[in-house]
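First chain A sits with chain B, and in the next complex the same chain sits with chain C.
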Partner chain A sequence: MPPDIAIPDVTTAAPKGAVVTGRTESPALAAIMPYLQSLPLWIVLAIFLAIPICMIVVASFWDDQATGMVPSFIWDNYRDALGEWVTWNTYLQTIRYAVIVWALTLGIGFTVAYVLAFHIRSSLWQMVLFQVCAIPFLTSNVIRMISWIPFLGRNGLANQFLMDLGITDHPLEFLLYSPFAVCLAFVHLYTLFMVVPIFNTMMRIDRALVEAARDAGAGPIEVMRHVIIPLSLPGISIGTIFVVTLVMGDFITVQMMSGGQSASVGLIIKNAMSLLQYPEASAQAVVLLLTVLLMVGSILRVIDIRKEL
Partner chain B sequence: MPEAGVELINVTKKYGNVKAVDEINLRIPAGSYCCLIGPSGCGKTSTLRMIAGHEKASSGDILINGRNVTDLPPVQRGTAMMFQSYALFPHLTCLDNVAFSLRMRGVGKDERRAKAKEMLERVHLPEMAERKPAQLSGGQQQRVALARALITNPSTLLLDEPLSALDPFLRGKMREELKRLQRELGITFIHVTHAQDEAMALADLVVVMERGLILQSDSPRHVFDNPNTPFVARFMGGHNILEGKVSAAGTVSLADGNAIHVNEKLPAAASTVRIAVRSDRMRLMPTDDLPNRLNAKVTAVEYNGSFVRVGLMDVGGADHSLMLSETDFYAHPVALGDSVVAGFQADDVHVLAN
Partner chain C sequence: MEKSGPRHWALLAFFGLFVIFLYGPTSTIMILSFQGPDGGLTFPMRGVSMRWFANLFEAQMVGDFGGSLTRSLSLALVVMGLTVLISLSAGLAFRRKFFGATVLFYLTISSLIVPSILISLGIGLMFNEADIQPSWYTSALGAHLTWTLPFGVLIMFAVFNRFDHRLEEAARDLGASPWQSLRFVVLPLIAPSLVGVGLFGFSLSYDEFARTLLTAGSDNTLPLEIFAMTTNATTPVLYALGTLTTLFSLGIVVGVTVLALAMRRRARVA
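Let's look at the complex of A and B:
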């Protein structure tokens, strides 16, 4: 019967041909395929992250002589870096900045994200207001920082205004070139890094959860404490990592806004480099890197952020 | 008349200029199982949310057990809501989820955990107490949500499409369980659904809504047997709707020339009328004992085990269904494209309001 012959021909022969021509690679090639596909990323990471860090670590053990760096393996750079009272004091100051700035950006960032995510109903306004927060960040850090100077200075707008109102009869000195000015600039520069991740996490909170909590008798404070804050923790920790690492590594903000009166770990490294003391700068950089990694690690131990990635 | 558990008086909900719920009046007896049913956007969920206190009524009054609760927050209404997506707190264990409302009421840790454990046992999930909701199956999550809603001993449980996320098998099981719980607890259940089979299986009172209005509210049997409008008849399913003109002789003449004898009251002669006939009350000719006839063509024959569905199209192009018993069908089988005559009794004709 012709159909009995024809049917097997059509159904078996055609797919077989397709398989043979479509997939010619060997099993071994198939096994390494995923690695090959991710190779470009590995190359980028190696060139721009792994190799530079390795070079810094290597240089931190080299000998620093008047003629230049000499390949070597000595601990002197670390002994010099950690043996000085100034280093410890500077770390303390930098960490103090980090804590103050973290608390302020968290407070402001959480509030802004909360209002944007939960109280702005129309998604158009949500986008507009979010852009209002983000657009200033298209200008450079330095420009946004410098713009504070005429405002906060001895004869700046802030002092003029306060004196016109009669709140003070002489210009306030602490407004500029002070820890206050440094913190103000940091908060201004980095609050967005808190707003964005917290806003993202909050947008993923099911609105029905808030209603369920209200249904169970929770008031606004309980809803915040038992529902919104716990569910925003991943965003808060991502924002915290951003802000803490940025403040810990900063040197330009501290230098400009404190008028050179305040130190930071970043400034130590920058000063060492301007004196061409690369091994010492490297040692300081390694210590700073380890400190920041330790801080990030402890944040990650407390809060699971995997769901956010 | 039994005491009203929930009463809605001229309740309206407007979103901007759109009336989602339009001056509805409804009386749900205490301790009954009420299903609000209708297509999406008919206002059933808005009604439920107004009863729960998650939406404010634009006007009108809501009474629960004789108390006006229109302006009270959810917690003071004695209601509990079970949400469509369950809305379990993902960061809390099942036990803490169930105990949440007790915690909000300031009940001590040991007491509330003991009570929550009891409640989890009631929904047969004691072993899941320490798991997070994400580690549970859909059916289990639903039980936890049920336990969470019931722990405060509410007088009224509000369920927003509680079964829609479950597969058909679980849906049937949960349906039985909901009915059993309602009977055991003796409290009012108000259940929003778009599935008429769910409503018929569960409800003591079915409320059919469309475009913010209540079209009909009665026992499932009465609504199914006596739908008051073509919409209700279509929505409840199982009905064929025929259109004709009222003749001088007190019959309805169809487009195919057949005169339909009706035992119910008809509108004035010469007006257009729509009548409903249950699809399980129609038979295929030869059935000489049936006074009413409809000429049609067979468009579908579906074997369903205990019955056979025959799809028909009448001369006006309207589709109808017949549910024939297996024996009846195979006594006189028909095939696709056959011209047939369907017959039915005058008693089985129900006149619909327009």
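Let's look at the complex of A and C:
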């Protein structure tokens, strides 16, 4: 939020050198200042991000013995992980979730951001409605998942509604604890990650461009296709990165909403960790990390998001 | 854009449906948490009572509600403080070029992209190898910071990109030391954004689940406690807990937003 404050009129200030009471920063201090200022961030990210990831890579080559991990350099963990069709199947399932959820969140998120950016008149309402969309992000994911039980459960609202309409005469079991419920929960949780970046980019689109396109005879569809979508691409790609990485690494939504019937790569890793099979978990984690990086890398190749910051 | 006609109204209706989709389920469990004593996890309501809320405060009914709430709150407050300080400091650093700035920037972005399960696993491995017991105030604290700091730093990026540097030059011309210009010019102007960063840090940590599950050690935080309840609770006590903690989160969000708006107004008047 840009602070709109009146710029003090510098020209009427005392002429340079007249009263210099302030101490200026010594050049040496000025030179090391950024290093001191960035040091805390370096420390936290080194200890809790870089070292742990390196540990995972190292441990993925260790030997898993009954007594614990033994440092060594073997490929067995990768062979075990990738040699089983279950792993491949799980990857396919996880990627399928990622694709479905991505398509749904993109469709819904883009439309919502578009309404906010182009169809809400007053900027006050725009901000209020934006907050309305953003606030659930600050509440608990677990509770937002639990809250589907009264809707989708065996005696839930959805089943009662369907039975009242006579569409079905017995409660549908597949509503809760199914791939459908998993996708629904994902969309519920993560659409915001699409709305926020897309809205952000849309707000920066020069409205004159839209006017110009319409003056040149473009209809709503052409304006959308040739002006708004191309200019929203950076936001779309940031949202895509968020949603894809969140779904690819998820274990909790899949576990809770599928009732243990569906698997995900994250769940494999989590289960291996619970059994203290760290080397196997690590090998799976490295494969997952490479998959995610590959996906993010290919998105970034298509769209440069650096100018978004 | 055209602000009338069927297309406009259809879009607004879509937006309305989205808001219902967003809030509907949570509102439902709020209603159901007032179930009568004989009521179940789904509609219909069998009377109205405060029974399930009272249930929460009977120690043996739900695990360790008080303890987990205290832990979650303390952790969230520490994460909030550290997130504000570290993000502000890093934000100031990134205003100049320094060796390693690009690496640090990409490291920050990676922190956002690396799946949470990997952070959990890596930190677990590290503590395991160093022979330290994981706990909510060490390993889980670090795990939370890897999630809150990227948001904080990116917000600071956005803030300083839009900051009018002439204000600082003016302060310097008037004889302010670097510290004085930070203290009396920069900080008051960016204070509302810092409040926002703090809000993010607090809420993300207070509700964090995936990064806590495997790094919290033996004591549960609130989201872990709620998750444990989902597997064995068959009464609306689960909803009562969900309602309380959601209202608590919302209360913080609203309170802090009001605070930030007040600060912004004061900054504008000053």
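Here is the rule we use: the second predicted complex is superposed on the first by the 269 of 309 C-alpha atoms of A that agree within 3 Å, B and C clash if a C-alpha of one lies under 4 Å from a C-alpha of the other, contacts with A are read in each partner's own complex, and residues count from 1 in each chain.
By our rule, a contact is a pair of C-beta atoms (placed from the backbone, for glycine too) under 8 Å apart; a residue touches a chain by one contact, two chains touch by 3 or more.
Just so we're clear, the structure is a prediction, and the values are computed from it rather than from any experiment.
Student: When the two structures are laid over each other on chain A, which of chain B and chain C touches more residues of chain A?
Tutor: More residues of chain A are touched by C.
Student: For A:169 in the superposed arrangement: first (chain B), second (chain C), both or neither?
Tutor: Neither partner.
Student: Taking the superposition on A as described, I'd like to know which of chain B and chain C A:209 touches: first, second, both or neither.
Tutor: Once the two structures are laid over each other on A, A:209 reaches chain B alone.
Student: Contact-wise, after the overlay, does A:245 reach chain B, chain C, both or neither (first, second, both, neither)?
Tutor: Second partner only.
Student: Using the superposition on chain A as set up above, list the residues of chain A that contact both chain B and chain C.
Tutor: none
Student: Using the touch definition from the top, list the residues of chain B that touch chain A in their complex.
Tutor: The touching residues are 52, 54, 73-75, 79-81, 83-85, 87-91, 100-101, 103-105, 148, 152.
Student: Note which residues of chain C are touching chain A in the complex, please.
Tutor: Those in contact with chain A are residues 1-3, 7-8, 11-12, 14-15, 18-19, 21-26, 28-29, 32, 40-43, 82, 85-87, 89-90, 92-94, 96-101, 104, 107-108, 110-126, 128-129, 142-143, 145-146, 149, 153-154, 157-159, 161-164, 166-167, 169-170, 172-178, 180, 189-190, 192-193, 199-200, 203-204, 206-207, 209-210, 213-214, 223, 226-227, 230, 238-239, 242, 245-246, 249-250, 253, 257, 264, 267-268.
Student: Could you list, by residue number, the parts of chain A that touch chain C in their complex?
Tutor: Residues 1-5, 7-8, 10, 13-14, 16, 19-25, 33-38, 40-42, 44-45, 47-53, 55-56, 59, 108, 111-112, 114-116, 118-119, 121, 129, 131-133, 135-136, 138-144, 146-151, 153, 155-157, 160, 188, 191, 210, 220, 241-242, 245-246, 248-252, 256, 266, 269-270, 273, 278, 281-282, 285, 288-289, 292-293, 296, 309 of chain A touch chain C in their complex.
Student: Once bound in the complex, which stretches of chain A touch chain B?
Tutor: Touch residues, chain A against chain B: 206, 208-209, 211-218, 222, 226-227, 230-231.
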